[in-house]
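In the two complexes below, chain A is the common chain; its partner is chain B in one and chain C in the other.
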Partner chain A sequence: MDLILFYFRKLLTILKNEVLVLPYRIAVLLFFFILLFLPLWMEDPYLLRILTLTSIFAILAASWDLLSGFTGQMNFGHALFFGVGAYGAALLNKYAGIPPWGTIPLGALTAVLAGLIIGIPCLRLRGTYLALTTLAFPIILLGLVFALPGLTGGELGISGITRLAKSRITSYYIAVVVMLGLCTTMWKITDSKTGIIFHAIREDELAVRASGINTTRYKLLAFSLSGFFAGISGGLYAHFMRVAGPSTLEVSLSFQVVIWAVFGGIATIYGPVGGVFLLFPLMEVLRFWQDYRILMFACIVLFTLLYMPDGLFRWLREKTEKECPRCKIRNVAFRDACRICTAPLD
Partner chain B sequence: MTQPFLEIKNLTKTFGGLRAVHNVSFSMERDQILGLIGPNGAGKTTLLKLMTGILKPDEGSIRFMGKEIVGRKTWEIVNLGITCTFQNMRPFRRLPIIANVMVSCLSPRAMKKGEWVKRLEAKAMDALEFAGISDMALEKASTLSQGDLKRLEVARAVATEPDLLLLDEPFGGLSPAETDLMAKSIKRLHKGGRFGRLHSEGPAMIIVEHKLQWLMKIVDRVIVLNFGTLIASGTPDEIIENPLVIEAYLGKGGI
Partner chain C sequence: MSLLIDILISGLISGSMLALLAIGFSLIFGVARIVNIAHTAFYMVAAYCIYFVTARLTIHPLWAMGIAVILVTGLGMISYQIFINPIREHHGAVLIATIALAMAFQEVMSLMFTGTFLSVPSLVKGYLIVLGVKVFYQQLITFCVALFAIGALWFFLMRTKLGLAIRSTSQDREVANLMGINESRVALITMGVSVGLAAFTGAMVVPLTVLEPHMWTHPLIMMMAVVVLGGLGSLKGSFLGAYILGFAEALVVFLAPMGAFLKGSVALSIMILVLLIRPEGLFGIAFEEER
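Coming up: the complex of A and B.
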C-alpha cells in the first residue's frame, strides 16, 4: 500500500513539476484524456468512425516522420508500407483464418520486409533521387496487385475480412490506444541514443560515418521501424474497413501523408499526429461545399504553410514557449525568469 | 618481428587525368606526431581521405597495426582506431553541440556495452572540456564561430578514443592566441592520460597544416608533398633547410 502511495505521489510530483508547467505538455495530456474518455459522452457512430480512421492515419503520418523527418530519408512512397500491411493482414485473415490480433503484427512484419527491400537499393540515394525512387515502389506493387486478381482481388481488393472488434466503441478504443502507444514509442525512439544518430544522419551522413557509426545499419533500421509502424496502421485500416483495396497503395495517399506531416511540423512526432487530427476531420467538415472541397483544403494548407513554414504545431510551440538562454530549459512564454535556473528570460 | 604502427606503400589516386597522390610511401611509429605539409593542391587532404576510407586508392596499400585498411568502410576504419577531422567543418548544425559529440561516443569503439545515456553525456562533456567549448554544450552547432567549430571537430574526433588522429588544418581560421591554445591541447592529448571519464592512450597524430610556425613546434617528423609526390621527409629542422621544399613553396630562385 505504501509503495502504491509512493508511486502515486511521485506521479503527482511529475505532473506538477514537469507536465503542468508547459502549455504543449498540458495539450498532450488533454489530448490523451479527451481521446480516451470521448466515447463516454459521445456515441455518435459517424464521429467515432472519423476519429478511428484519424487515429489510424496518425500512426501512418508519425511513422513517415520517423523515417523522413528524423532520419532525412525523403520517402514519397509511404503508402507502400501501409498497403503491404493492409494486404498482408487481409491475405492472412482471408486465406489462413488468423484473427486480427495475429494478422496485424504479421502484416506489419511483411511491411518491415518491404522496408528492407526498398531500403537496400535506396541506401546510396539521397534527397530528390531517393524521393523519386521511393515514389515508384507503391506504383510497382499496385501493378502487381492488378496483375494477380485471383489472389489480390484486383481493383475490388480483398473484402469480407474479420471485423477489428464486434462493437464500434471497442474498435475505436483499439485504434486510439494503439495510436497513443505507438506514437509514444516513436517519440521515445527519437529521444534515445538511436534517435541522436537518426538526427545526425539527416544532418550529415558522411560525418556520422567518420564518427565510427555504421550508417547503413541505422538507415535500414529507420526503414524497418517506419515500415513496422506504418504496417500496423495498414493492418488496422484493413480490419476496420473490412477491405484491403488498391486505394491503400495510391500515390495520393503517399502525398497525403507528406501534407499531414509538413502541415503539423516535421521531426516532431506530435506535429504529424496533430496535423492528421486537424486535416482529416477538416476534409469531412468541408463536405458542405462538396465541389470546392479540395480547393478549400489546399488553400488552408497553403496559407498555413506560407505563414508557418515550420508547421502549425511548431509555430504554436514557439509562440507559447521561451527557451532559457542559460540552461536551455523551455518555459511558458509569460514567465520572466527561468523555472529551473531563474535566469531572466528576455 | 615488430610491425610498424602505420605503413603506407605506393599509394596512388587519380581523378581523371589529375594525379592527386602518386606513389606515396612512408611509415610512422605509435609515439609520433607527423606533420604533413605541401603547397595548395599537393594532395594532402586526398591522402587523409584515402587513409580514412572516404576515397578508395587506385593502387597501393595502407597497413595499420598489422591490418590492411584499403577497401574497408570509413566507420570500420574509425573503429579500428583511425579518426579524422574535416578541413571544411561538417557539424550537425541543428543539433546541440553535446549531441554532436555524443554521436562519436555512440560508435562501437567508444561505447562500452550497456552504457547509459547519462554516462555517454558525461564522456561527451569531457571531450568538449578538452577542446575548450564545454560552456557552450547546449547551444546549437549552427551558432558556433569558425574557431569553435574547429574545436568541435577535434572534440568529436577525440571522443572516439582513436589510436591515430588525423587532423586536417586544426589551426585554420584560428587567431594566434587560439592557435597557441590549440597547439598546447594537441600536445597534451598526445601525451595521453585521463580527461575526466575519457581515457586517452595518447594517440599518434598526422597533422595537415599551413601555419608552419606552430606546426614545427609540435611535430616530431614532417613529410612534404608536392603535386601528389612525396618530396621530403625528416625532422622539422631538416625540412626547413631542404632546398626541394623551399622550391616547392617559393618556386625556383626563391633561395
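Coming up: the complex of A and C.
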C-alpha cells in the first residue's frame, strides 16, 4: 500500500514539476485525454469516423517524419509503404483468412520488405535525387496493380475485407490507442541514441561516417522502421475502410503526407501528428464549400507557410517557450528566471 | 514497318515535350535549388489559356500561343515572388508551397472550365502519308518547334551574358554573388524562363492532347524521371534522358500487352536501373552543397 502511495506521489510530483510547467506538455497531456475520453460523451458516428481516419493518417505522417525529417532521406513515395501495407493486409485477409490482428502486422512486415528493397538502391542517392527517385516506386507498383486485375482487383481494389472491429467505438479505440502508442514509440526512438545518429546523418553524413558509425546500416534501419509504421497504418486503413484500392498508392497521397508533415514541422514527431489532426478535419469542414475545398486548403497551407516556414507547431513552441542560457532547460516564455537554475532569462 | 513509324513519331513527340519540360525544371533547380512541383501545373495553365483564347474569344491560335506564354510567364514570376522567394531558405517549406500552388492551379482551372475533357483544334489541318502511316502536320510542327526551342535555349544559355550569369549562379551561388551577379534577380529571371518554357511546351502540345485539370501529374512524374536520369542541372542529360524515356514509353504502349497501364512503370524502372549503375545520372554535375 505504501509502495502504491509512493508511486502515486512520485507521479504527482512529476506532473507538477515537469509536465504542468510547459504549455506544450500540457497540450500533449490534454491531447491524450481528449482522444481517449471523447467517445464517453460524443457518440456521433461521423465524428468518430473522421477521428479514426485522422489517427490512421497521423501514424503515416509521423513515420514519414521518422525517415525524412530525422534522417533527412527525403521520401516522396511514402504512399508505397502505405499501399503495400494495405494491399498486404487485404490479400492475407481475403485469401488466407487471417483476422485483422494478424494481417496488420504481417502487412507491415511486407512494407518493411518493400522499404528494404527500395532502400538498398536508394542508399547511393542523396537529396533531390533520392526524393525524385522514391517518387517512382509507388507509381511502378500502381502500374503492376492495374496490369494484374485478377489478383489486385485493378481499378476497384480488393473489397470485402473483415471489419477492424464489430462496433465503431471499438475501431475508434483501436486506431487511437495504436496511434498514441506508435507515435510515443517513434518519439522514444528519435530521443534515443539511434535517434541522435539519425539527426546527425541529416546534418552531416560524412562526419557521422568519420566517427566510425556505419551510416548505411542506420539509413536502412530508418527505412525499415518507417516502412513498418507506415505499413501498420496502411493495414489499419484497409481494415477500417474494408477496401484496399489504388488510391492508397497514388502520388497525391505521397504529396499529402509531405504537406501534413511539413505543415506541422519536421523532425519533431508531434508536428506531423498535430498537422494531420488540424488539416485532415479541416478538409472535412471545408466540405461545406465543396467546390472550393481543395483551393481553400492549398491557400491555407500557402499562407501559413509564408509566416511559419518551419511549421506551425515549431513556431508555436518557439513563441511560448524559451531555453535557459545556462542549463539549457526549457521554460515558459513569460518567466524571468529559469525554473531549475534561476539564471535570468532574456 | 508502320508500327515502327508510329513508335518513332510517338517517341519523338513525347521525348521533345519531356525534354523542354525537364530543361526548364532543371534550370530553376540549378539556380535556386527549388524543386518546382508546380512546373507542369504551369504547362497545364498555358494549355487552358490557349483553349480559352481560341475557343471562347475566337482569336487565331498563333496569337493565342503568344498570349498564353506571356501570361503564364508573368503568373509564374508573380507566384515566385509572393510565395516562394520569402521562404527560399527552408527547403521543405518551398517544396510543399509548390505542391500547394499546383493544387491551387488545378482547382482554379477545374472551377473555371469544369473537369470535362476539352480539346483544341490543330494549327494546321491535314496529314502526310509516310509508308502507309498518317503523320499529321501538327505532329511535325510540334516536333520541329520543340527542336527549335531547345536550340534557341542552348544559344541563350551558352552565348549570351544572361545565360552566362545563369550558368555561373547554378555552379556556385556565393561566388557568383561575389562576382557582382545579382543572385536574386537571376533567380527571378530563371523562374521566368523556366515557366515560360513550360508554357511554351503546353502551347505546343495542346492540339495533340486532351485538356483536363489533372493533365499535369503524368508529365510531372515523367519529367522528374528524365531529370534524374539525365543528371540534375545538365542540359545534355535532360535532352538525352527525355528521348530515352519517350521512346521507352512509346515502345511499351505499342508492343507490350496492357501497355497503357505499364508505360509509366517501365520508364521509371529504366530510370532506377540507370541510377543503380550511375547514381548521379547520365551526365550528373556535383552541386556545391552536396558532398
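Here, the second predicted complex is superposed on the first by the 346 of 346 C-alpha atoms of A that agree within 3 Å, B and C clash if a C-alpha of one lies under 4 Å from a C-alpha of the other, contacts with A are read in each partner's own complex, and residues count from 1 in each chain.
Just so we're on the same page, a residue touches a chain if its C-beta (ideal position, glycine included) is under 8 Å from a C-beta of that chain, and two chains touch if they have at least 3 such contacts.
In this text the structure is predicted, and so the values were computed from the model without any measurement.
K.L.:
So in the superposed three-chain picture, is A:206 touching just chain B, just chain C, both, or none of them (first/second/both/neither)?
P.N.:
both
K.L.:
On chain A, which partner's contacts cover more residues, chain B's or chain C's?
P.N.:
Larger number of chain A residues touched: C.
K.L.:
Answer with first, second, both or neither: which of chain B and chain C does A:8 touch in the superposed model?
P.N.:
Touch partners of A:8: none, neither chain B nor chain C.
K.L.:
Figure out whether A:214 sits in contact with chain B (first) or chain C (second), or with both, or with neither.
P.N.:
first
K.L.:
So, does A:127 touch the first partner chain B, the second partner chain C, both, or neither?
P.N.:
second
K.L.:
In the overlay, answer first, second, both or neither for which of chain B and chain C A:302 touches.
P.N.:
second
K.L.:
Tell me the contact category for A:193 with respect to chain B and chain C: first, second, both or neither.
P.N.:
It touches chain B, and chain C stays clear.
K.L.:
Which parts of chain A are in contact with chain B and also with chain C?
P.N.:
The overlap between the chain B and chain C interfaces on chain A comprises residues 206.
K.L.:
If you look only at chain C, which of its residues touch chain A in the complex?
P.N.:
For this pair, the touching residues of chain C are 29, 35, 37, 83, 86-87, 89-90, 92-93, 95-97, 99-101, 103-104, 106-108, 111, 217, 221, 224-225, 227-228, 232, 258, 261-266, 268-269, 271-272, 275-276, 279-281, 290-291.
K.L.:
Enumerate the contact residues on chain B facing chain A in the complex.
P.N.:
So the residues of chain B touching chain A come out as 52, 54, 73-75, 78-79, 83-84, 86, 90-96, 99-100, 102-104, 106-110, 117, 120, 138-139, 156, 159-160.
K.L.:
Contact residues on chain A for chain C in the complex?
P.N.:
121, 124-129, 131-133, 135-137, 139-144, 146-147, 206, 251-252, 255, 258-259, 262-263, 266, 291-292, 294-295, 297-299, 301-302, 305-306, 309-311
K.L.:
Using the touch definition up top, name the residues of chain A that touch chain B in the complex.
P.N.:
192-193, 196-197, 199-200, 203-204, 206-215, 327-328
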